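First the structure, which I've put down as C-alpha cells, then a few questions once you've had a look.
First chain written, first letter: the chains are A, B, C, D, E and F, and each begins at residue 1.
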Amino acid sequence: MNTGDTAWVLASSALVLLMTPGLALFYGGMTRAKSVLNMLMMCWTCIGVVSVLWVLYGYSLAFSTDAGGGLIGDLTAAGLRFDLEALSGTIPVLAFAAFQLMFAIITAALISGAVADRAKFGAWVVFVGVWATLVYFPVAHWVFFFDDGNGGWIGDRLGALDFAGGTAVHVNAGAAALALALVLGRRVGWPKEQMRPHNLPIVLLGAGLLWFGWFGFNAGSAVAANGLAATAFMDTQVATAAAALSWILVEKLRNGHATTLGLASGAIAGLVAITPAAGSVEPLGAIAIGAIAGAVCAYAISLKYRLRYDDSLDVVGVHLVGGAVGALLIGFFATEAVTGGANGLFYGGGLTQLGLQAVAVAAVGAYSFVLTYVIGKVIDWTMGFRIHEEDEVQGIDVVAHAETAYDLDAAHSGGFAGAIRRVEVPKKVDA
Amino acid sequence: MNTGDTAWVLASSALVLLMTPGLALFYGGMTRAKSVLNMLMMCWTCIGVVSVLWVLYGYSLAFSTDAGGGLIGDLTAAGLRFDLEALSGTIPVLAFAAFQLMFAIITAALISGAVADRAKFGAWVVFVGVWATLVYFPVAHWVFFFDDGNGGWIGDRLGALDFAGGTAVHVNAGAAALALALVLGRRVGWPKEQMRPHNLPIVLLGAGLLWFGWFGFNAGSAVAANGLAATAFMDTQVATAAAALSWILVEKLRNGHATTLGLASGAIAGLVAITPAAGSVEPLGAIAIGAIAGAVCAYAISLKYRLRYDDSLDVVGVHLVGGAVGALLIGFFATEAVTGGANGLFYGGGLTQLGLQAVAVAAVGAYSFVLTYVIGKVIDWTMGFRIHEEDEVQGIDVVAHAETAYDLDAAHSGGFAGAIRRVEVPKKVDA
Amino acid sequence: MNTGDTAWVLASSALVLLMTPGLALFYGGMTRAKSVLNMLMMCWTCIGVVSVLWVLYGYSLAFSTDAGGGLIGDLTAAGLRFDLEALSGTIPVLAFAAFQLMFAIITAALISGAVADRAKFGAWVVFVGVWATLVYFPVAHWVFFFDDGNGGWIGDRLGALDFAGGTAVHVNAGAAALALALVLGRRVGWPKEQMRPHNLPIVLLGAGLLWFGWFGFNAGSAVAANGLAATAFMDTQVATAAAALSWILVEKLRNGHATTLGLASGAIAGLVAITPAAGSVEPLGAIAIGAIAGAVCAYAISLKYRLRYDDSLDVVGVHLVGGAVGALLIGFFATEAVTGGANGLFYGGGLTQLGLQAVAVAAVGAYSFVLTYVIGKVIDWTMGFRIHEEDEVQGIDVVAHAETAYDLDAAHSGGFAGAIRRVEVPKKVDA
Amino acid sequence: MKLVTAIIKPFKLDDVKAALEAYGVRGLTVTEASGYGRQRGHTEVYRGAEYNVDLIPKMRVEVVCEDEDAADIIDVVVKAAQTGKIGDGKVWSVPLETVVRVRTGERGPDAL
Amino acid sequence: MKLVTAIIKPFKLDDVKAALEAYGVRGLTVTEASGYGRQRGHTEVYRGAEYNVDLIPKMRVEVVCEDEDAADIIDVVVKAAQTGKIGDGKVWSVPLETVVRVRTGERGPDAL
Amino acid sequence: MKLVTAIIKPFKLDDVKAALEAYGVRGLTVTEASGYGRQRGHTEVYRGAEYNVDLIPKMRVEVVCEDEDAADIIDVVVKAAQTGKIGDGKVWSVPLETVVRVRTGERGPDAL
C-alpha cells in the first residue's frame, strides 16, 4: 500500500462527495424560490439511495470480475466485506470503492436538473434506485472496470479513452436527462413564461464547490498521487478557465452582455468536457478543448427552445453535449506523452481513436436514453411522476415538503412578545 | 515520518476546521433572520478562543503524559514549542496537535445551538474559555489519550471504544447543551410561538460542509492513510446516507412529508452516530447504525416539547442522543475485522463491550452536564447570561452586534445620486 | 517523486483554487445587492484569464531560469509542455505549477475589492491580463523563485523571508488596490452616503472558505508534507484565531459592539499577516503576530475616511497593511528552530532580518503601486475604466451583466398558470 | 379622479396588467401584500413542529383614473383576476382630491 | 363601506388579527411597511463606519368594513395594538365608493 | 385630515424625507412598491433567454396631515422628488374621516 496514493484518493473521495451538495446549490439557485428545496432534496437523496445500494450490490456489479462480455460484474463483492488490508492497486480497496461511489451519486443527481419544479418526490426516489441499478452500475462497468482486457467492453476491451467519466457520467446523465424531460413534459407556463434564477450568488457558490471538488474527480482518477494526477489537475484547471471565458465571449457577441450565469455555466461545461480527456491531453490541448466546449455548449442550450423540450436547467446542453464534445475531442488532442499510448489526430494518431470515442459516446448515450425513457414511463404509469398543475403554480416546496426556503425579514420574523395577551373587544352586532 | 500519513492528517485537519464555519451556517440558517449573525458569532468565536488556549495549555492538558489516574495531562507541552522533527506516531506532532485542536473547537461550537437568540455575547465568550478548560480538555484526555495503558481512563485504561469522539465530542456537547438550555431558560414566546428556519438553503450548505469535513474527522482519526482510514471513510458515508433516509422516512410516516430540514438533520444524526463507531464496524454495520440513529433522533427531538426545555436547535436530540446511540451500538456491531480486537454482541463478542460503552457514555454525559450547569450558573450570577426580553424581540443581531444580516433589495439599496441636493420648501405655519 | 508530498501539494492546490470563489463571496456579501454579481464576476474572471496566461507564459516568466538580475524568468517553460515524470523537488512539476497558478489568480482577484460597484467589466478583464503579466509574474519571480542564489532577487538573493506571499501576494495586491482606487475615484455618494453589506452570512461563508483554503496556501508552501508544513499549518490557525479576537476587542472598546464583519475581517487580517511568517515562527510567535495584525488593521481601515480614497472593501487596510505587518514582524519573531537559519530580534537575531524585510515590502509595494497606476490610467484613457453615474445608481449588475442577483419571493415568482388567457375587456372611450 | 385598489392573486397580475393595458390604462402601482380571509393557508413542518401560514400572498394593485372610467376599470380587473376559486380578492375605489405628476407638476387627468 | 387602515408594530399583528377575528371581521390585507416618526431608529456599525436606520419596520393592515362597524374596528385595533410605548402607530379611515368580491362580482356588504 | 400618497423613485426617498421634515412633517409611512407606466423597464438575459422586467421599483410614501397643509405637502414632495425624467411618479390625496394615535388614543390633529 502507498500512503501517499491513499491520502490523495481519500482526499479526492471527500472532494467528489462535496460536488453533490455543490450541485444542489448550483441547480437550486437556478430554480425559482418556490422550488429550490425540492431541487436540494432531489440531489441529496441521491447520496442516500445510491450509497446504500452501492454497499449492497452496486460496487460489485460495477467493479467485480466481469460476468460476461464486459457488460456487468458479478456479486462477489456485495456487502463490501473486505479485509482492512485488501488493496485495489496501491490503495485500500475501500478507498477505491468510496471514490467510485461518489461518481455514482453525482451522476444520478445531475439528471434532476432536467425535471426541476415538477417531479413527485417519491417517484424521484424510486427512479434514482432503479436508474442506478439498471443504468449507472452497468455503464460504470463498461467504462471504468479494467482487468487486463477482461474488464468493461468500452474501456478495457474496445480501448475508448474516458479518464474520469465523460461518457459514463456526463453523456450518461445528459441522455437520461433528455429522456426524463420528455417523460415529464414541460413546466406550466414554459416556454412562454420567463423563469429566472432566484439566487445567483448560490449558483456561483455551487459552481465554485463543483470546480473544487472536480479536482478530486479528475486528478483523483489517476488513483495515485503522481505525474498523471498532476497533469489531470492542471488540465482540469485550464480547460475550465478557457471554457468560462469562451462562454461569456459568445454571450457578449450574441446578447451584448457577459453574464454571471454564463461564466458559471461555461466553467461547468469546461469541467464536463475535460473530464474524459484530463488523462490524455497536455495543458495546451486542455485549453483548446475547454474553449471549444464553452462555445458549443453556449449555443447548445438554446436547442431546447427550438425542439420544445423543457430541460429546465440545461442538463442536455451542458452535460450531454459537453461530455460528448470532450470525449470526441480526445480523438484530436490525445497525446502519447500523457496517455502513454494513443495519439489523437493532431498528434499524428490518425482517426482511429476518434472512431472509438464515437462508439463509446453513442453506445452510452443510446443505452441511457432508452432505458431511462422506459424506467420513467413505467414509473409514470404506476405511481405518477408529476405533481398537479396547481401544486406547481403554488410551488413544489410547500406542497411536497411542507417547507418554505426563505423567511428573511428580520423585523417581522417571530418572537412576538405578548402575542398571548387577551384583548377585550366589543362584539360586532351581526357576528 | 510518513509523508502520506502526514498529507492525510493535514488535509483532515483543514477539513475539520471547515466544519465549524459549516456548523455556523447549519445552525444560522435555522435561527430567525434577526439572530443569524449572533449564531455565526457564537460558533466562530470558539475558533478564536479555543485555538489560543490550545497553544497555551489545552493540548498539553489533553495529550501530555498523564498526571494521575488517567484524568488529565501535565503541562510539559504548554506553548507547543516542538522541534520541526518531533513526531507523534508517523506524523509531525504539530500535525496531530492541529488535528485535535479542530475537535476541541467544534465541540464547544456545537453547544451554541441550544442557546440560540438569547445569550449575552460576552458571557458566551467567557463560557467557551472556561468550558474548554474545565470540561473539554479533561474529557479529551480521558477518551483520546493513549499511552500503553497509562493514558486516559476511558479510552486507554477502561477500553471503551470511541474512534473519533462519539462520547468526547457529541455526548459531551449534547449534555452541556442541555445544561445550558436549562440555565438560560426558554426564548420569549417558545413553545407557543412558532419559529421557523429563516434560510434552508444555507442549512443544507452547512450540512454539506459538515459532511465533507466529517471525512477528516472520522477517517482522519486513523491518524494514517491506510485501510482503517478507508474503512472509517466508507462507514461514515454509508451511515450518514442511511440516517438521512431513515429520518425522512419517519417524517413521511408521521407528518406526511419528507422535509429538507429532516434530510439534513438525519445526515447530521448519522454522522454523529458513526463518529465513535467508524473504526469498529464494517459498512453493513454502519448502515444499520445510521438507520437506527436517524430514526431514534427523529423522535428524540420532540422530547423538548414534552419536557419543556428550549434546546433551540436540537443539540440534545441530535448530538447527545445520536452520540450515545452510536457509542452504545458499538457494543452490538463492533467486529474484530476492523477493531483488530473487540467484537460486539452480533459478532459473537457478548455484552462486555456494551457495558464498557455504557460506562463511557454515562461518565462523560454526567461530568459534562454537571460541570456545565455549574459554570453556566456562575456566569449567570456574576455577569448575566441572558439578554433583555425586548432585545430578544427586536433581535439579538442589532442589539448585540449592531448589524443586520441581510439588505437584499437591489433597487432600494444605497447609492442615491443626488441625495445631497437641497430643496427649497415652504414653511409649515405652526412648525 | 514522493507521493505523500505530491498528495499534499495537489490537495493544497485545490484548496487555494477554492479561495477565489471564497473571496468572491466574502467581497460579494459586502457590496450592495445591486452589485454583488459584478463582484463575483471580477473575482471569477481572474481564474479564467490568469489560468490561460499561466500556461502560455506566466509560469515560465515566474519560475524558469532567471533571465538576469533576479528580475524575470525566461520563456523555456512556455506552454507547460513537461514530461509526466518531470519533477520540481519531490513532486511533479505540473503539481508545483498548478499550486503556484492559484496564487497568481487570487492575487489579482484581491484587487477587485477596491473598485467594487463601478468598474467597466471589459476594462477589468483587460486590466487583469496586463497586470498579471507586468506586475504579478515578475514579482512572483523576485520572491518565490529559488535557484541556489541565482533565483529571484528578493527571496533567493537578498534573503528576505516570505514563506507564502506576504509581499508577493498581499502587499502587491494591496498596493495595486490603492492605485486602482485612485484611478477610478470614489463611488457616487461615498463617503456621505452609508453603504452597508447586503449579505453577512455569505461574507462569513466566504471567510470560512478562505480560512480553509489558506491552509493549502500556507502549509502547502512547504511543498512537502513534513514538519515545516505542520508548523505552518498550526501557525496559520492560531494567528488567525488571535487576529479575529483582537479585531473584535478593538471594536468592542471603540464602538461598543463586537461585530460579525469585524470577526471575519480580523480573521482575514490574521491570515494575511501570518502568510509570510508561517514558515518562520513558532505558534506563540504566530499568536503575537495575529493579535498585532488584527488590531493594526482594525484601525488601518479607517484611514480611507481621513485620506478620502474609496478603497471600497478595504483591500489596502487589510492586505497592504496586514501583509506589511506580517512581513516586518518576521524581523522580530523569526526563530532558527523553524527557519533553519535566520533569527528575529526577539530570538537574538538583531535587526538584520528586519532590514531585509523592510526592503522587500518597500520594493514590492512601490513597484506594484506605480505600475498599477500607470496601467489603470492607460486603460482609463483608452477604453474608459468606469461606468456612468446613472448606471452606478441603478446598479452595475443589471447594466453590465443584465442580471439581478436575487428573486427570493417564493409566492410571486413565475409559474403563473393561465397568464396566457385572453380577457374580453370594454374599450376606454378615449383610448 | 378616482383610485381603484385591487387585491388579487399574485399569478393573476400579468392578466390584470394586460387587460388594463388593453382597456387603455397607462400606469399602475403594485405592492406585495398578504391576505387573510376565507381562503385557508397551509401548514409547514419543521423538525416535526407545525407552523401555520395563514397570511396568503396577494398583490395589491392601485390605479388612478378618471371618474368615468372607474366602473369599467373595476369590471376589467374583476374579469381578469377571476379564477372563481376562493381567495380571488377584492376591488374597491375611493374618490381623490388631487393627482399630480411629479415630473411635470401636471394635475388631474393630465397627470395620468 | 369604509376602509380602515392601521400602521402597527409588527409583533402586534397576531394580537390585532385575533382581536379583529373575535370582533367578527372576516378578512384583512397586510403589507410590510416602514415608519418614520417620533420613535427613534438604531445605529449599526460596519467596519467602524456608522449606519443610521431611521425607518422602523411596521405592518400596514387594511380592513374593509360596513359603515357602522368602522368606529368599533378602530377601537379594537387601537386596543390590540397598544403597548403604550412610542411608535405604536396610527389608524385612519376613509369612505369607499364600491367594494367588489372578485370571485363572485358581489358588491357592497355582500363582498365582505 | 388628509392622506397624501406619493409614488416616487427609491433614490429620492431621502430627499423627500428631508424636505418634509424641513417643512414640519413629523411622521410618515413608507412601503416598497413597483410601478408600471411610461417609463420602460429593462431586459435581463439568463442563458440566452430574455427576461423582461417591466415593473420598476418605487417607494410609496404616505403622510397624514391637516387639511390646510395638504397642498403644501404635495408641493414639497413634488419638488423634492422631481428629477425631470420619466418615471418620477405621482402624488395624490384623499380626505380622511378619523385618525387615531394608537399609543394614546388621541384623535385628529393631535394624533400626528
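By definition in this document, contacts are C-beta pairs under 8 Å (C-beta built on N, C-alpha and C of every residue); 3 or more make two chains touch, one makes a residue touch a chain.
Because the structure is a prediction, the values reported are computed rather than measured.
Colleague: Tell me, which chains sit next to both subunit B and subunit F?
Modeller: Of all the chains present, those in contact with both subunit B and subunit F are A, C, D, E.
Colleague: If you tally the C-beta contacts for C-F and for C-E, which one comes out higher?
Modeller: C-E
Colleague: Could you put a whole-Å number on the gap between the CA centroids of subunit D and subunit E?
Modeller: Each chain reduced to its C-alpha mean, subunit D and subunit E end up 18 Å apart.
Colleague: Measure off the straight-line distance from the CA centroid of subunit C to the CA centroid of subunit D, and report it in whole Å.
Modeller: 50
Colleague: Among the residues of subunit A, pick out those that touch two or more other chains and give their numbers.
Modeller: Touching at least two other chains: 2-5, 7-8, 11, 194, 196-197, 199, 205, 209, 255, 257, 259, 261, 393, 397-398, 402-406, 408-409, 411, 415-417, 419.
Colleague: What are the residues of subunit D that contact at least two other chains?
Modeller: Touching at least two other chains: 11, 31-32, 44-46, 83, 94-95.
Colleague: Which stretch or stretches of subunit F touch subunit D in the complex?
Modeller: On the subunit F side, the touching residues are 2, 6-8, 31-38, 55, 58, 60, 70-71, 74, 77-78, 81-95.
Colleague: Residue numbers of subunit E touching subunit B in their complex, please.
Modeller: 11, 42-46, 53
Colleague: Can you tell me which positions in subunit A touch subunit B when the two form their complex?
Modeller: 1-8, 10-11, 13-14, 17-18, 20-22, 24-25, 28-29, 36-37, 40-41, 44-45, 47-52, 54-55, 79-81, 83-86, 91-95, 97-98, 101, 121, 199, 202, 205, 209, 397, 400-411, 413-417, 419-420
Colleague: Inside the complex, what are the residues of subunit C that reach subunit E?
Modeller: Listed in rising order, the residues of subunit C that touch subunit E are 191, 194, 196-197, 251, 254-255, 257, 259, 261-262, 265, 298, 301-302, 305, 314.
Colleague: So in the complex, the part of subunit A that touches subunit C is made up of which residues?
Modeller: 2-5, 7-8, 11, 15, 32-34, 117, 187-189, 192-201, 204-205, 207-209, 211-212, 215-216, 219, 224-231, 233-234, 237-238, 240-242, 244-245, 248, 255-261, 263-264, 267, 282-284, 287, 337-338, 340, 389-390, 392-393, 395, 397-398, 404-406, 408
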